[in-house]
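Presented sequentially are two complexes of chain A, the first with chain B as partner and the second with chain C.
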Partner chain A sequence: MTQYAEGITAEIVKEHGITDEEYAVILDRLGRAPNLVELGIFSVMWSEHCSYKSSRAHLGKFPTSGEKVIQGPGENAGVIDIGDGQACIFKMESHNHPSFIEPYQGAATGVGGILRDVFTMGARPVALMNALRFGAPDHPKTTHLVSGVVAGIGGYGNCVGVPTVGGETNFHAGYNGNILVNAMAVGLADADKIFYARGAEPGQPIVYVGSKTGRDGIHGATMASAEFDDASEEKRPTVQVGDPFVEKKLIEACLELMATDAIAAIQDMGAAGLTSSSVEMADKGGIGIHLNMDAVPQREANMTAYEMMLSESQERMLVIMKPGREDVAKAIFEKWELDVAVIGETTDTGRMVLTHKGETVCDIPVAPLADDAPKYERPFFAPEVRAQLNAKDIAQPGHMGEILLKLMSSPDMASKAWIWKQYDRHVMADTTASSEDPSDAAIVRVHGTGKALAITTDCTPRYCYADPYEGGKQAVAEAWRNLTATGADPIAITDCLNFGNPERAEIMGQFVGCVEGMAEACGKLNFPVVSGNVSLYNETNGVAIPPTPAVGGVGLIPDLERRAHFGGLKEGDILLVVGETLGAMGASVYLKTIEEREDGGVPPVDLAVEKANGDFVRGQIRAGRLTSCHDISDGGLACAAADMALASNCGIKLAHEGKSPPMHGFLFGEDQGRYLIAAEKEDAIAILQDAKADEIPVHVVGLAGGTAITVNGAHPLELDRLRAAWEGWLPELMGHLAEAAE
Partner chain B sequence: MKSAVIVFPGSNCDRDAHDAIEKVTGHAPAMVWHQQSELPEGTEFVMIPGGFSYGDYLRCGAMASRSAIMPAIVAHAATGAPVLGVCNGFQILTESGLLPGALMRNAGLKFVCEKAKLKVENANTRFTSRYEGGAELVVPIAHHDGNYFADETTLDRIEGEGQVVFRYGNNPNGSARDIAGITNEQGNVLGLMPHPERAVDEKHGGTDGLKLFESLLGSA
Partner chain C sequence: MKAKIHVYLKPGVLDPQGAAVAGALHNMGYDEVTDARQGKLIELDLAGEDVDQARARVDEMCRKLLSNPVIESYSIELE
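Up next, the complex of A and B:
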């Protein structure tokens, strides 16, 4: 057998990111050498981005089923049962590499892609979230990337008319060369009207709908599967350009088509476009596929089959229709002024055959593309476990109010209003709580009902770096805790696993540790993974990002009258902490901000305690006893108290007793599984009685009142001063002050 | 009251408008596709909702103002019937000449979404009769191009005629004279950037927009 087809060289194979071993497998499966089109198709299908070849071996560790799971991982998005015949469909996905190269379009198309994953399944998207990680605030690229990414997310989400209701933003030098843009979309559908990529049968027409195919984004999936170097900006042409107006029309047209019962299977064209959408539907249906490339709507002249199959032009979908129903699709898509074309049919050959200008340009079996994709058991080692660091081992600062001021105006803690003010958070008129509201999770009402979805994104990368296993556990536990703190029943998560180069055993060790920690927490908290995405090779010139397994959690608030937030504190309320405060300082915001060190062990999450404490808090919320409720996480009790005081415009008098933990451990320790709750005196007494009966640790920590936060009557920090510092940090970084002065 | 909500490709507040009207009037409005050339028979109130009609390409509202349904809306307005344009709807009304002035890019050059403080400047219109004159409201805004502009003569004239109906408490977009909403000379066409349809529900955005729709109900 010839090693290479005409016009193909070893160099070309290498440029497609295919290793010698992988190429040998292709030769074996085909029984001949692949031509350029076929090589391109194998290249994208076997890219890390599409095949999960480094991660698949470990993703099976996640619990993925449960009584409320309708569809777990493997489809376009996960589907959960929210009662009353309704389903919630959601997924989170990364668009890291494109966003670093071209922040506006990279972030915008990230939003577009994740929306398509959700409405492909028949859901109307109702909420968008995002988890963003940028480099150090003083890095020369940071402000440019922040403004571009935020404008891109807003530009797309605002136009399609789906509210961007929440998210999180971190800054750390570890992301200087690779920012992370993770977008999450959440939709609603009737539980009996979910559409899948599976279900196609031979002899059905394949209909292409949406935008025309251009030369943009060719090899985007391959780019997302490689490290960056100094020449990465030259890859700008492989970043796609989004058109939210077309997406909006596509949403409406698809939902209209879905109401007709004419669809056999449907898949959006995301990474690797026409290739992955057609291969996935053929593979899941166990069928073959024949495409006539001449019929593909094309934006540019003289496009080759290779370019069409690898293009990542946005806002396109592939629909396999029930025979004879093509006209239904045609009428709907023409009404919405979108391209629609029958470009092929399903077959019973199990092969993918492409014809172009009268020639067969590709004829390969489908199965190896999907199922025989390489799967690597990459070597890994776990990082050394760091010793725990307690406040008693760290010098106590003088004025606690000044320390609190510094923490609350630090990059991780400061208000992100500059960002979320650029997102339409209210369109669709169901947003009960978004970034602007004092709520640990975004709350979006299920349209026309009294129930609501609670949605959060969480990850603490500094914990994951210090201890991947405990960090992975904590990311899941914090999502569960944030949903619980609103009064919701946590149901399931999606994830976006962002790591460096998996070919390095150290990075692979971070990945395996995080996955195993997450899996442990998901299992113990009955909080399964229903969808997700892996983004590897987030590395520039050999420097990897901190491990960042972002978790997107979804829960249900059965009755909106019984929810909690942290803006209801009133003078005279008693403040209580649920959970034990020991003063854990390892890898804390305090340590990073005040001591300028990031060492120490991660405060461990005891999952049994986490669950018991959370269930107790949820019970108290539903009993209507709390005036405020906030989870305690970054920056400890004092920062949670500061959030509550600012949101409620009411001071807090904290009381610290004894020596263990010392005062700074009491205030700033990041012990897990804790909540700060507030209640009127009578209710506080009832809460303490319940806690005693249920054996839940609950302690009185202070009293609401005044215009400052104080500790034992001293260390005052006036709320006005705190608010100015908290609100001022990001606008100042972004040069807003100069702008306002104009 | 029989109502119609106009739907353009890219409209995205059409459902919110529908629900707000239904909630207040008790009747679901007709959803009228932009390619229709007539309003449903008996239509009294027409609402042009917010969104990004035609993707805001060319200029916000410019293409929508030339669509098939617009002549029918212009004719409807000429009969003195109430026409309300919110956000992109306001832009469409200025582009179509039903309202004076234009809406430019926000002075801060960024999209702004916040709960805006508004003052009712004229409570003597069919859209505001249920409000107290000078009442202060909180109504959400969400736009990139809400910076109201008109020449000084026009501004003086519309101020003098009582056509300035809503003014911002804390100008979020650079609008001339803090103008948030205006009517035509006859007072039957209102355009405003804030979203009253997002403020008709305690669970979402408050209820300060309710009286706008209630005023209409009494007037039609």
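Up next, the complex of A and C:
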């Protein structure tokens, strides 16, 4: 057997990211050397992105089932039961690298891609979220990337008519060379009308719908391949450009087709669209596939089969129809002015056969593409556990009000209104709470009902860097806490695991630690993982991003009349903290901002306490006792109080007693599992009585009133001054962009 | 001196506006149109007489502001 087919060299194999061992497996399974098209297909299917070869060994640790889980990981998105015959379908995905290269289009196509994952399954998308991480604010690229990414998310999301309801944004020097753009989409469907990639049988027509295929995003290896020696300008790989109006038409056309009962299986075309969509449907159905590449709608002349199979053109779907029903699809997609073509049929051979211009250009077994994909047990080591750091070990600052002002106007804590004001938060008219509202999670009403979805994205990368296991636990716990703080029952999560190079044991240790911590929290909180995505190799010149396992949590508010937010504080309300305050300062916002250090151990999450405290708070919300409720996280009690005071336009008089923890620990410590709640006096008494009976730690910490935040009658910070600083930071940063351009 | 700068999407980059133009022309019965691509024309009035220097400066303006080099190309005419 010859090692290489005509025109293929060791160099070309290497440029496809295939190792010598992997190439040997291909030779064995094919019984011959692969041609360029086949090599391209193996390279895509065995890539980290499609095969999860470094991460699969650990992803099995996640709990993925539960009484409300209809579909866990393995399909396009996760599906949960929200009662009344309805289902919620959701997923989060990364578009990090494209967004760094071309921020507008990278972020825009990230939004388009995650929407397709959701409506492929039969859901109408109802909400978008974004978790963004940028480099240091003073890094020369940061403002350019922020403005491009935000404009791209807004440009696509606003045009496609799905509200962008929430998210989170961090700035840290660790992302200077690799920003993170994680987009989450949430949709609704009838529980008995879910569509899957599985279910195709031999003898069914394969229908291509959506936009034409161009040379978008074909990886650089094409340039070096023998076929393109005379590569001219027009053959150069290009950035993917999205077209949200086509996506909108695609949503409507797909949902219309799904109402006809003519579909056997359906899959969107994501990364390496035609290859991964056809292989996944063939593999899940245990069948073969035959595609006629001449029939693929093409945007450019003289495209090769290789280019068509690897193209990442946007707004495309592949549908396997029930036999004889092709005309149903044709009529619907032509009405919506979208391309539609029968490009092949399913077979019983178990092989993937492609013909182009009268020749067979690919003939390989399907099973090895999926089953024999490499799976690596990469070596890893856990980072050293850091010692806990308590406030009593840190010098007490002078004026607490000035410290609070500094924290609330720091990059992580300052208002992100500059970002979310560019997003349409209200299209579809079911948004009950979005980024602009004082709510720990976005709330989107289930159309035509009195119930609602609560949606949040969470991760604290500085915790994950300091202690991957505790950081992973905390990311899940915080998502659970944010949903709880609105009065929702947390149901399930999706995740987007962003890490550096897994071939380094240190990075792999971060990955394993975070996954195990998340799995522990998901199990104990009955909060399973139903979908997700892994993004590795986020590093530049050997410098990796901080480990960032972003968590997207979804919960259900059974009755919108019984929910909570943190903008309802009134003069005379009693403020209480649920949970114990010990003054944990390790890896805190205080430490980073005031002491300019990022050391110390992560405040550990006690999951049993987390659950007990959260269940108690949810019960009080549903009893209608709280005027305001806010989870306590970054920046501790004082920052939670500042959020509440600003949102309610009502001052807060905090009271600190005793020496343990010291005042700065009481105010800024980041002990986990805590909530700041407010209630009128009689309700506060009832809450304290319930707390005593349930053995939940609840302490009075202050009183609402006045126009400032004070501590023990001193350290005043006027709300007007706080608001100006909190709202001013990001516009000022982005304003400097305009000045620099002038 | 006047500079005319044509900015257009690189070949192969999806052009949603161009596609919309082609679609509209088809709907109007102009079936001979097989494709449409659209870009923009920027005219600058420049002070000074040195053509070589002007070209270098305008080229810099194109790279820094007037075009997005990741997805767009440009050409410069001086007159």
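Operating definition for what follows: the second predicted complex is superposed on the first by the 716 of 742 C-alpha atoms of A that agree within 3 Å, B and C clash if a C-alpha of one lies under 4 Å from a C-alpha of the other, contacts with A are read in each partner's own complex, and residues count from 1 in each chain.
Assume contacts are C-beta pairs under 8 Å (C-beta built on N, C-alpha and C of every residue); 3 or more make two chains touch, one makes a residue touch a chain.
Small disclaimer: the values here were computed from a predicted structure and weren't measured.
Participant: So in the superposed three-chain picture, is A:633 touching just chain B, just chain C, both, or none of them (first/second/both/neither)?
Facilitator: Neither partner.
Participant: Of the partners chain B and chain C, which touch A:216 in the superposed model: first, second, both, neither?
Facilitator: In the superposed model, A:216 contacts chain C only, not chain B.
Participant: Just chain B (first), just chain C (second), both, or neither: which does A:672 touch?
Facilitator: neither
Participant: Quick one: is A:422 in contact with chain B, with chain C, with both, or with neither? Answer first, second, both or neither.
Facilitator: first
Participant: Counting only touches as set out at the top, which of chain B and chain C does A:105 meet: first, second, both, neither?
Facilitator: Touch partner of A:105: chain C, not chain B.
Participant: Please work out whether A:300 is in contact with chain B alone, chain C alone, both, or neither, and reply first, second, both or neither.
Facilitator: Second partner only, chain C.
Participant: Going by the contact rule set out at the top, does A:313 touch chain B (first), chain C (second), both, or neither?
Facilitator: second
Participant: Check whether chain B or chain C contacts more residues of chain A in the superposed model.
Facilitator: Partner with more touched residues of chain A: B.
Participant: Is A:430 contacted by the first partner chain B, the second partner chain C, both or neither?
Facilitator: Touch partner of A:430: chain B, not chain C.
Participant: After lining up the shared chain so the two structures overlap, which partner does A:243 touch, if you call chain B first and chain C second: first, second, both or neither?
Facilitator: Once the two structures are laid over each other on A, A:243 reaches both partners.
Participant: Does any part of chain A touch chain B in one structure and chain C in the other, and if so which residues?
Facilitator: Shared contact residues on chain A (touching chain B in one complex, chain C in the other): 243, 245-246, 337.
Participant: For the complex, give me every residue of chain A touching chain C.
Facilitator: 101-102, 105, 211, 214-216, 233-236, 238-243, 245-246, 299-300, 313-314, 337, 741
Participant: Within their complex, state which residues of chain C touch chain A.
Facilitator: Result: residues 9-16, 19, 23, 65, 68, 70-71 of chain C touch chain A.
Participant: Considering the complex alone, what residue numbers of chain A touch chain B?
Facilitator: Per the touch definition, chain A meets chain B at residues 151, 154-155, 158-161, 243-246, 248-249, 336-337, 420-432, 436, 445, 560, 739-740.
Participant: Where on chain B is chain A touching in the complex?
Facilitator: 9-10, 12-13, 15-16, 19-20, 50-52, 54-57, 108, 110-115, 140, 142, 144, 195, 197-198, 201, 203-205
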